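The structures considered in this document are given below.
Presented sequentially are two complexes of subunit A, the first with subunit B as partner and the second with subunit C.
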Partner chain A sequence: MTRRSAMNGRSFLVMALALAAGLVLVFLMSEEPFNATIAFFLSPFSNRFYFGNLLAYSIPLMLTGLAASIAFTSSCFNLGMEGQVYLGALGGTAAGILLAGKVSGALGIFTMIIVSFLFGATAAGISALLKTRLGVNELISSLLLSNGLVIIVDYFIEGPLNDRPSGLAATVTLPDEFRFGGLMSPSYLHSGIIFSITAAVILWFFLFRTREGFKMRITGKNRRFAYYSGVDTKKVIFWSLFLSGGLASTAGIIDVIGIHGRVMRGFSSGYGWNGIAIALIARNHPLMVVPAALFFAYLESGAQIASLEANITPEVAKIVQAVIFFLVTAEALIPRAFWRKRYV
Partner chain B sequence: MGQILYHLGAKLSKPVLEITDLKKTYSISGTRALDGATLAFYSGEIASLLGENGAGKTTLMKAIVGIEKPDSGSMLLQGEKYIPLGPYSALEKGIGMVPQSLKVISQLTVFENLLLGFRSNWPGRTIKHFKEKIEEVMQRYRLQLPLDMKVELLSTGQRQKLEVLRILQNSPGIIIFDEPTTLISETDKGELFETFRRFKAEGKTVLFITHKLYEAYSVSDRIYVIRSGVIIGRYKRDETSVEELHDLVSGEETRPDRVQLSSAGEVVLRVEELGIEGSVEGEEAVKETSFEVRRGELLAISGVPGNGQEELLEGIFGMRKILSGRVLLDGKDVTNVPPRNLRKLGLAALPSDRDGAASCKNATIKDNLVIHKVADGGWIVDDRGLDAFARSLLSDYGVLYGSIFDPASSLSGGNLQKLLLSREISSEPRALLLGEPSRGLDVKHLHILRTVLARIKEEMAVVVFTADLEEALKVGDRIIVMSEGRIVFNAVNRPGLSKHMIGKLILKATGERQ
Partner chain C sequence: MFEAIIRDTVKNSTPIILAATGGLLTEVSGWLNIGLEGSILSGAFFAVVVSSATRSILLGTLASVLVSVILSTIVFLTVKFLKANLYVVGIAVNLLSMGLTVALTDLWFKSKGTVVFSNSPRPGVLSIDFLNNTSLGWLNGLGLFDLVAIVTPFLFAYIFKKTVFGVKLRACGYDDESAFYSGVKVNQIRFVAYIGSGVFAGLAGSALSLPLGAFVSNMSGGRGWLALVAVIMGRKKPTLVFLSAIMLGFVTELSIFLQVATEVSPKLLLSLPYFVSFAILALSHSGNSKKRLLD
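Then we have the complex of A and B:
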């Protein structure tokens, strides 16, 4: 059963192998391998600041991971998440700037998230409509659309919404009441993590307990069968991409509300692609997205800390991530016997 | 070297392959597929393994080629211990298997597929060398195929030939055929058996797995009957009769008979001048087809596979574009209406494309059963109610399964068939279209199917699409035969109507048209 099989040991094995690969790399590349290893693997847990930042980094990754999962579940590919995250951040922030001083903090934040959601959902919805009406491959349309969106968002950051006095490539800052409270100062961790985890639980409930979720899963497994059985597959595809785009967007705005307080040029670069990797590790299971995102954030912060404290470049994390991609996509590499027994 | 040994074996009549006390229990579902099977095969013989759905035939064969690892038991190949590691290693030792569902790559050409199947794909050899070699094999067994044609353009019968060639080019001594006759036409069947005999003449061993009594009886030298994972009968052909085998296979005496209702009710489904799009855009697979079905009347649509029957079903059920004409359900125009709405209006169908459309093998058994019920209704799925529904349906139709949360792929072909039938019938439609309902069913289940059909036709209009004309004659109250997308025969099934007669009538009719 999907619920159980998603939890099998395979994903853990992949993570363990990736860590081992990281270890080997650290040993090969560092002059003081022992210190570097400790910095890479253990220092994220060594103090509040590092650990809090690790958690903070996982917040948007959980959301993009969920966004990718829901699209994959119905066998659709949303490759436009990079653009959607960025657009969502801008849309939400613009709403926040307009509402500044007019509404209460909670309502402001709520509105920003909704607006942001709709921005990304619309972007993905366009790809969905192109797919269902005209048969345009959503893989291509979402990617191209996203590339265009990034440039448009850049224009708004540099142009109409730019914070001129600061001289930065960033928008005007949001008022303080439109920001999340910090949870583990001095780190960047903010209460947005509750939002991400709640989103994962809600999405799990949606996929495995509701009628629409059931339809999405069956459509993803065999579209022709679903259509024959009486599922309106076009509708299902539209909604799954729509939700995917929306969720990806909230990743952008949550990061703005929680950490930066403004949209900086290119701040969210990589969130979208990493979301796809996370969905692959989590095998599209919403609840597994949470640990997968944490693992990703752990690698990332480990590499950053190691580059500060030992002489290792941050690229090591990228290589380890690449190893994960490799292992996850090349299922055949791992002998079935390793993980099969967990099914029973 | 292998060849010599085989011939030697034939003279001494020592078995080529000896299987002793093979046992296998599937860990996921706990099904005991093999329970101490012991049997032997000899060179220069055609041996059949006969049994019901889920009797363990396929598992036994998978054990022989190493796809499944038996829990215990041993195998001796030419007197030596034989432990296969997989189809590739089995082929190296001279055992090849033609699988039940054909595994060819349809985007590649015939030649490319064959090249992939070469056991020893020596680097440095030219394309020409391989072509010559393949052509030589084709000559020898008279299995001709156009080498440069894309496989997707081949008929099912030709694809099977391709599978056979893929094994043959590696010149194995033992060739296993797993249910080879389910998908192909009568003519192709004849050719296949001819190929069997050619192997036999060469001193090779043919292992023919089937649930069809007559086929096993007519072609084999030796017949093994398997039931519940045990070999319960070992015969040389002359030692037994079809009747004896029949009783043994099914475990009970059955008498196939058609229940005819005295009166047919109102017209439920009406099809007028239908033209339906084929797999290639713009091509018409069904042309100017009209018929009507009444409640209480079972319409059987037959004909050689690939003459528009499949497209007709899919077209009526909204899965394929109708180019001209219309479909009326209870007098209401439902042309090009999607399945979703047709189901609400009381039409149900089982497409003959089992894996692609009728079932979802990687979803759970439960999901396969309850999908209709989930397609509409409130927000939250009533999981407990659906579990109960699935379980009761499965037990009503005697489907053998492990758990309803196992994937549908864990079911044997016949059991999956029963599951799908139960699902469609349980929706209590006004009209039911069934594509190949008897495919892959054994004697006992065929009988059950016929009883079920006789029962449900009292309440609904039933259309059975079957390539097997004999079967059509057994169940149908009215028979339609299609050829090249048109109806070439349409008449009430009166006693005395035979396959032979229909053939003559069709010939006469087509002759007149030309």
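Then we have the complex of A and C:
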């Protein structure tokens, strides 16, 4: 059997190509290319504020990356993460508003995370049930459900849960005791990063050190083989999508608890798609999701800073992301003979 | 009143039917193109930009078709030669189009929301006097794209059943290896299918933006995904795909009609097409659960 590292040469090549594409785009689109390049590539490390924000941005991305990788592990596509993140944020925040002043801070935060997990897990669970019971393609069904849910959540943000006096498209603010403490003021970095990294380690332990995790990986590699070996593949697929939806949701609520304190319209847009790209770059390995999420946070914050300082559209990050999507699964990107096979 | 509903339903269905026809081609060839949504969006953008720059609807439509064909060719080539995952590359097209159209509207027109091209010519609509007050009165007011959309699915039904190309195409979808050893040039056939899907997605994009004379960011608004639902519901049969697409177009029309007619929040009604198509997708699969033990 050939030994394969979790993040192989292709992932690094794709990241390098993506950065090169970003460089070309910045040069093409900016009137002052050199300032823009410096803003895009170096500013995220230039001071405490920008670097802290980069780390803060990676927190939800790690969770959506983990969510995507657990679905991919059992060979399922969860394209509904955009909606699940948003729905989870709303569900958790609603629980927080109801609990305000009744319970202590830690218990409140714990309840909010659990409630939000269940909201997203239910949404993904519906698609999973349709897949296992009726054979409906989960790729389309999760996406349709998510698109519909985004509109419903928008309705709740602008309607029943709206913070009328503020005049914003946002919900009522959570009380202060239901918020994470900041770690690196003045940036937005908060203690939720511990939650994300712990989730990555737990998921790694689950997938690579437990029986159920092994079943999940076998089902993903070859569903027929797993089925005839006695694995209840339907159950495995249901749980992997269920967990995927739940993890995606916690990405939404962690951002609310840590940074915004309320659900704002469209605050999580892009988290789901980024999560899929992160899982692909990390090749579904939970521990590799952490550096991959940092890379994406770097791209995204670079684009944000460049749009502020050098007048570039932040959509550059989206195009770079598309380049990653194009190439990340390309098996023949590096010719096979290039890598000497190592046998163990 | 009744006529208006039929006419608006057809108009709403047009982009969905056209995109679904393109998707059907790729589905029958065995490699479903997920990137329809992105192709429609890019097509819509370039159609209206070029037609306003050249004052010609034909050139606008051609530009839109060209861009969509380029996108679907990229999908085919990356999947074929770089051995990438079909679905992931399809998502890449959608993301690329979303980013590119917004970035280009920002770069060229210094705006990120809606860009109105007042000098872009509008496609003419059908008006035949003797059809008024007959049962075909709803045909008046339809544009060329609508008529193309009504005709093509039946054309495809003919092509799939009666021509050599159609049989080869279906053979690729049933079992590409057997088709290959029977002498069918599988790659060539699939490439043609992908170019075809690009052409129809481009037409769908033109049908969306040209009558409006404007580009709105993310104006495809999920129509590419609805088209995929129609393709999946149609089970590789052009007429069924056509009927599914019409049904989805009707649901879209219904959600617009109810926003005007009822007290329900317009926001909530916007989600109707997604939930209804979700339900239809689930229902259309009920009954064949026995066969699907493993998948």
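As a convention for this text, the second predicted complex is superposed on the first by the 329 of 344 C-alpha atoms of A that agree within 3 Å, B and C clash if a C-alpha of one lies under 4 Å from a C-alpha of the other, contacts with A are read in each partner's own complex, and residues count from 1 in each chain.
FYI, contacts are C-beta pairs under 8 Å (C-beta built on N, C-alpha and C of every residue); 3 or more make two chains touch, one makes a residue touch a chain.
Predicted model, so just to flag it, every value in this text is computed and none were measured.
Answer with clash or fit: subunit B and subunit C placed together on subunit A by superposition.
clash
Touch check for A:M29: first (subunit B), second (subunit C), both, or neither?
So A:M29 only meets subunit C here.
Please work out whether A:R164 is in contact with subunit B alone, subunit C alone, both, or neither, and reply first, second, both or neither.
neither
Regarding the shared-chain residue A:K102, is it in contact with subunit B (first), subunit C (second), both, or neither?
neither
Output check: A:Y227 vs subunit B and subunit C. Expected answer is one of first, second, both, neither. What do you get?
Touch partners of A:Y227: subunit B and subunit C.
Look at A:F326 in the shared chain and tell me whether it touches subunit B only, subunit C only, both, or neither; answer first, second, both or neither.
Once the two structures are laid over each other on A, A:F326 reaches subunit C alone.
On the superposed three-chain arrangement, identify whether subunit B or subunit C touches more subunit A residues.
For subunit A, the partner with the higher number of touched residues is C.
Does the superposition put A:R133 against subunit B (first), subunit C (second), both, or neither?
Once the two structures are laid over each other on A, A:R133 reaches subunit C alone.
Which of the two partners, first being subunit B and second being subunit C, lies in contact with A:L145: first, second, both, or neither?
second
Given the touch rule stated above, what does A:L280 touch, subunit B (first), subunit C (second), both, or neither?
second
After superposing on chain A, which of these stretches of subunit C ends up overlapping subunit B: 44-52, 80-88, 170-178 or 188-196?
170-178
By the touch definition above, which subunit A residues appear in both interfaces, subunit B in one complex and subunit C in the other?
On subunit A, the overlap between the subunit B and subunit C contacts is residues 224, 227.
Quick check on the complex: what are the subunit A residues that touch subunit C?
Interface residues on subunit A, with respect to subunit C: 29, 77, 79, 130, 133-137, 139-141, 143-145, 147-149, 151-152, 154-155, 158-159, 223-224, 227, 233, 273, 276, 280, 313, 315-319, 321-323, 325-333.
In their complex, what parts of subunit A are in touch with subunit B?
That would be residues 1-2, 209-212, 214-215, 217-218, 221-222, 224-232, 343-344 of subunit A.
Which of the residues in subunit C come into contact with subunit A in the complex?
34, 74, 78, 81-85, 87-89, 91-93, 95-96, 98-100, 102-103, 106-107, 112, 222, 225, 228-229, 232, 265, 267-268, 270-271, 274-275, 277-278, 281-282, 285-286, 288-289, 291-292, 294-295
Which residues, counting only subunit B, touch subunit A once they are in their complex?
Those in contact with subunit A are residues 27-28, 317, 319, 338-340, 343-344, 349, 351, 356-364, 367, 371-372, 374-381, 383, 405.
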